[in-house]
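Both of the next two complexes hold chain A, though its partner changes from chain B to chain C.
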Partner chain A sequence: MSAHEAVEHHGDDDHHHHEHRLRPEEWPSEPMVGVASAGKVGMWWFLLSDALMFAGFLLAYGILRGGSEIWTCTQELVEAGKCLAPVCSDFAMSLGAQCQENGRFLEEPALGINFTAGLTFLLICSSVTMVLALSYCKEGDRKNTVKYLAITTAGGILFLCGQWYEYFGLFGFPGLIESGLAFGHSSYATTFFLITSFHGMHVFSGVVYLAITTWQASKGRFDDGYTSEVEILGLFWHFVDLIWILVFTFIYLVPNEHGV
Partner chain B sequence: MGHSQADHRKTYWKIFVWLFVLTVLEVGVVYIPMGKGTLIAILCGMAVVKAAMVGLWYMHLNDETAGLKWTVAIPMALPGFYAAVLIADAAWRYLR
Partner chain C sequence: MSAAASPVPAAPSGSPLSYLNAERGLLSWLTTVDHKRIGLMYLVSTLFFFLLAGLMAIALRVELWTPQGDVFDPDTYNKLFTLHGGLMVFAFIIPSIPASLGNFLVPLMVGAKDVAFPKLNLWSFYIYILGALVLLGAIFGGAMDTGWTFYVPYSTAPSKAGPGIVFSLIGVFILGFSSILTGLNFIVTVHKMRAPGLTWMRLPLFLWAIYATAIIQVLATPVLAITLLLLVLERWFGVGVFDAALGGDPVLFQHFFWFYSHPAVYIMILPAFGVISEVIAVHSRKRIFGYKAIVYSSLAIAFFGFLVWGHHMFLSGQSGIASTIFSFLTFAVAVPTAIKVFSWLATMYKGSIAWTTPMLYALSFMGMFTIGGLTGVFLGALAVDVHLHDTYFVVGHFHYVMVGGTVISFIAGLYHWWPKMGGRMYSEFWSRTACAVVFIGFNLTFVSQLVMGSKGMPRRYASYDSVSPALQETFQFWHQLSTTGSMILGIGFFMVAGTLIWAWVKGPRASGNPWMGLTLEWETTSPPDQHNFAAVPAVRRGPYDYV
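The block that comes next holds the complex of A and B.
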């Protein structure tokens, strides 16, 4: 049965759906998208809508930041009476926050550029291992496919651990919440939590998606050249990396009036 | 003639090195004294180059048809256009 016939007869015998999984080279060519599979085009559509959502958040962040006279309420500004430090919440105190006598923090903390650069490097590493997994998958090399998918999954988990540390602290090291970054206190704090947690949810989804695909690969699902599913997973994971590159630049690296 | 997967893997590692180098430069340039506008322009430029590398090589947009490339590129470029309009608006209000 030709590829075209396979697609046309797909609805007739769904119970034999495995017979109709097409290898990338078998997918019927189409003028607009070439031999890209329906699943792959669908993932691109989803990623575009997701990208526009991130763009909305980042543009709103830019407008808020560009229009604010004070972005980060530092100790110097608090002492000059130009802004109020965040109120020490019960949650922050439960994490071990050291509060002032007036029930407020000393200031809003700066974001850790060097630590987050490490997280950025981690995502870049996980992107190269993802694309290597796909490359080995196309060669039918199950062992290396599983190995690189597993490393990619581990990279995603480590990133989430890093984000947990950044928010809540870990092993006695204080996180941002404990240091005075309070959701709702300022546009600085609120946009930070909104954008980084939205990205973090993508990483979490990606880790689950990766873990399932790694398990499927270990069972030999892609041994016979049906690599589209791994490629589609790769699109999602690389997108998570791509967005982080922009978030890292706009949220962490762009300096404020009072230094980085 | 198509490239082998081994050739592709060499390219992926080269892109990885570029991404690493650009990330180090991004962090390093923040500590160099310069005008805020210049720094932001440099940072945005490097971020766009890195994002394009991921899109073109790791997401394989390089290998797609012109139709799919444009379908992705146009919506991706729109936020950049909106950002340019906002920056121009802010600059106009600042300078007048």
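The block that comes next holds the complex of A and C.
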């Protein structure tokens, strides 16, 4: 073959220098390509990737918990000499932790299911308002879109406040750290903080994402009927919600057979 | 980056306007969202780390010339092979074909102006640079001496290495995100940006390979990310996840690590399959044999790749039944892989084969990759693995796949698309000569390792003077052969670089389609216009419908 005929080939001189970048969905339509926007396909694959991160965390948690002799170091177990309560850190003491004379907590606290069940309900409600926001957005109702996006944002912020209360306590009520759940002391404490804070970071990102979209909606960005970006935000928010249900189930609800 | 940019302004006046000279100046490169420029920047940076890690390999081979540990102390030796492995795997091979050739070619092959998310693409490049520099910067923190697998307890034991291990882990963690984002971009590009008429079953096989790779990148890398995160926390806080002394599970680390790192070897080899499919079809001028079989085998490899990680842990206290299942699943991967090799062979049968440099590399790929694959079957067999585990046989097998497979096909792809990327043709004579030198050097280096491994030479030892004199003599013979080979291989790679650089700067101009290929990248000029195509291309035939 004539691979080496180094012919100088000038292409057509009418190179079009497009100033305007096409949105991918404005690309000539092809039945096999489908109608989902590029951003939506991208978000779905991102969520799959993110789901595997949580899967890894939850699997590690399950393996460690299933293989452990003692998962939660309760007061009875401490008194029976089966395990040592966590060391009182300076941080915990500055929060007002009750420590023994040997510089240790009395026990590792159990997780409060009732309060967190409330947080779970809150997150589920915020998913509902997200659905409403998208539905109003598709109808072109800017006022209600902004309203329900703002409510969803508020739900996320409230959840984060709840998580803060759970970790650090608020208004004189003790948090878990103060009661003796010390990061790094046990697999129980470590996996709890790792997984719930990793989820909390997702909620935080979601709140920022929601706030930006709310602002954009109030400026009329979605009035042209192109609502894909709100739908993509919804995908992320529902995902964060769904993951929380798994986290809540495995971390909080699975009863502690070894410990109690 | 400037190495790629500098030849451009030197191009003779009157050279046609292309992506290379449409905008000028270093800043136009550093802030570009053009996938072709990002591909070139990846090419230069990955090859820089290839050079660096390759020189480390030569240093290791020099140490092994004599049985005594006379060039480096064992500690330095450990750090050298760890950095060699870490840089090669995470900073070179994983991004090599997808990030450089893939970035350059994916939008061209689908007939689009760019990838789906051009800014994200530039971000992943900078994330890559940051991660690679942190990994390399670990040298200043005392480097890391655990081997590239970061096994616990080496990586958790209070070691002399200081902060080096944490730096390395964070570097690889960052690199992982670059890999995820690149994969995400390619998946969406293939889904959403195809030109009219480019149906799934008309996609060039390179795109199918990149697509299958991207799925693994997106789904497996996050597991590595959390593994490394947990390991960093274990080192910093002693959280008791992997450290047995604190109630953790060291085998859990191995499970997590290989859940990513076994699919990761398919991240490394699947794009190579894509390159070989293109090169063999185009340079045999024949419709590819078994197009659908190759497509589905790529997807099958991506799928089975997730289910075989346990074959790295036959000797790690894994249960017998688990090992047996993993062993059989490992053999199952050989089936789709063999389907590909036979399809390529059948494509060449009665084709009009052109003995061009890319084709010669493709042929050497077929031989060497087959050796790599078959030695893998030895290692996947339970009883044989007990004998071969942690010997040079493993090192030889891995390098046959990674160098004989991936690097060789990477070079094949570079020669094949070089006229497209730079608009100039390489010297066929010198490139063929370099190919022969690489072939000889490579086989000399790694056949010796397979042999000494089967005779019991363990991997990761700086010296081998504590065995019987007779065995010492045997080992030394093979080590010296291997070291000689590695020098020849090194010279070969420098020759390859020489021919490519010469072609870029001085080579004769190439036409838009020097190989008479039928895929879309050949329909535009060489080098392509900044916006790829003057008009949206339409596809009315398959990628290999030669008449």
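A few points about this structure:
In this section, the second predicted complex is superposed on the first by the 224 of 260 C-alpha atoms of A that agree within 3 Å, B and C clash if a C-alpha of one lies under 4 Å from a C-alpha of the other, contacts with A are read in each partner's own complex, and residues count from 1 in each chain.
Everything below uses one rule, namely that contacts are C-beta pairs under 8 Å (C-beta built on N, C-alpha and C of every residue); 3 or more make two chains touch, one makes a residue touch a chain.
For clarity, every value in this text was computed on a predicted model and none was experimentally measured.
Looking at the shared chain after the overlay, A:Phe121 reaches chain B, while chain C stays out of its contact range. In the superposed pair of complexes, A:Leu194 makes contact with chain C only, with no contact to chain B. Legend: residue contacts after superposition of the two complexes on their common chain; A:Ser186 is shown touching chain C, with no touch to chain B. Using the contact criterion defined above for the overlaid structures, shared-chain residue A:Leu52 touches chain B and also reaches chain C.
Of the two partner chains placed around the shared chain by superposition, chain B is the only one that A:Val254 touches, whereas chain C remains out of contact. Legend: residue contacts after superposition of the two complexes on their common chain; A:Ile63 is shown touching both chain B and chain C.
By the touch criterion stated above, A:Ala154 is placed in contact with neither chain B nor chain C.
By the touch criterion defined above, A:His238 lies against chain B but remains apart from chain C after alignment on the C-alpha atoms of chain A. When both complexes are aligned on chain A by C-alpha atoms, chain A residues 32-34, 36, 41, 48, 52, 55, 63, 67 touch chain B in the first and chain C in the second. Chain contact summary for the complex, chain C toward chain A: residues 16-17, 112-114, 116-117, 180, 184-185, 187-188, 191-200, 218-223, 225-227, 230, 233, 237-241, 247-249, 252, 256, 259, 285, 352, 354, 356, 424-425, 428, 507-512, 514-516, 524-526, 529-531, 534-536.
Within the complex formed with chain C, the residues of chain A that make contact are 1, 3-12, 14-18, 21-22, 24-25, 27-28, 30, 32-34, 36-38, 41-42, 45-46, 48-50, 52-53, 55-57, 60, 63-64, 67-68, 183-184, 186-187, 190-191, 194. On the side of chain B, the complex with chain A involves touching residues 5, 8-9, 12-13, 15-16, 19-20, 23, 26-27, 30-31, 36, 39-40, 43-44, 46-47, 50-51, 54-55, 57-60, 64-65, 67-68, 71-72, 75-76, 78-79, 82-83, 86-87, 90.
Against chain B, in their complex, chain A makes its touches with residues 31-34, 36, 41, 44, 48, 51-52, 55, 58-59, 62-63, 66-67, 113-114, 117, 120-121, 124-125, 127-128, 130-132, 135-136, 138-139, 231, 234-235, 238-239, 241-242, 245-246, 248-250, 253-255, 260.
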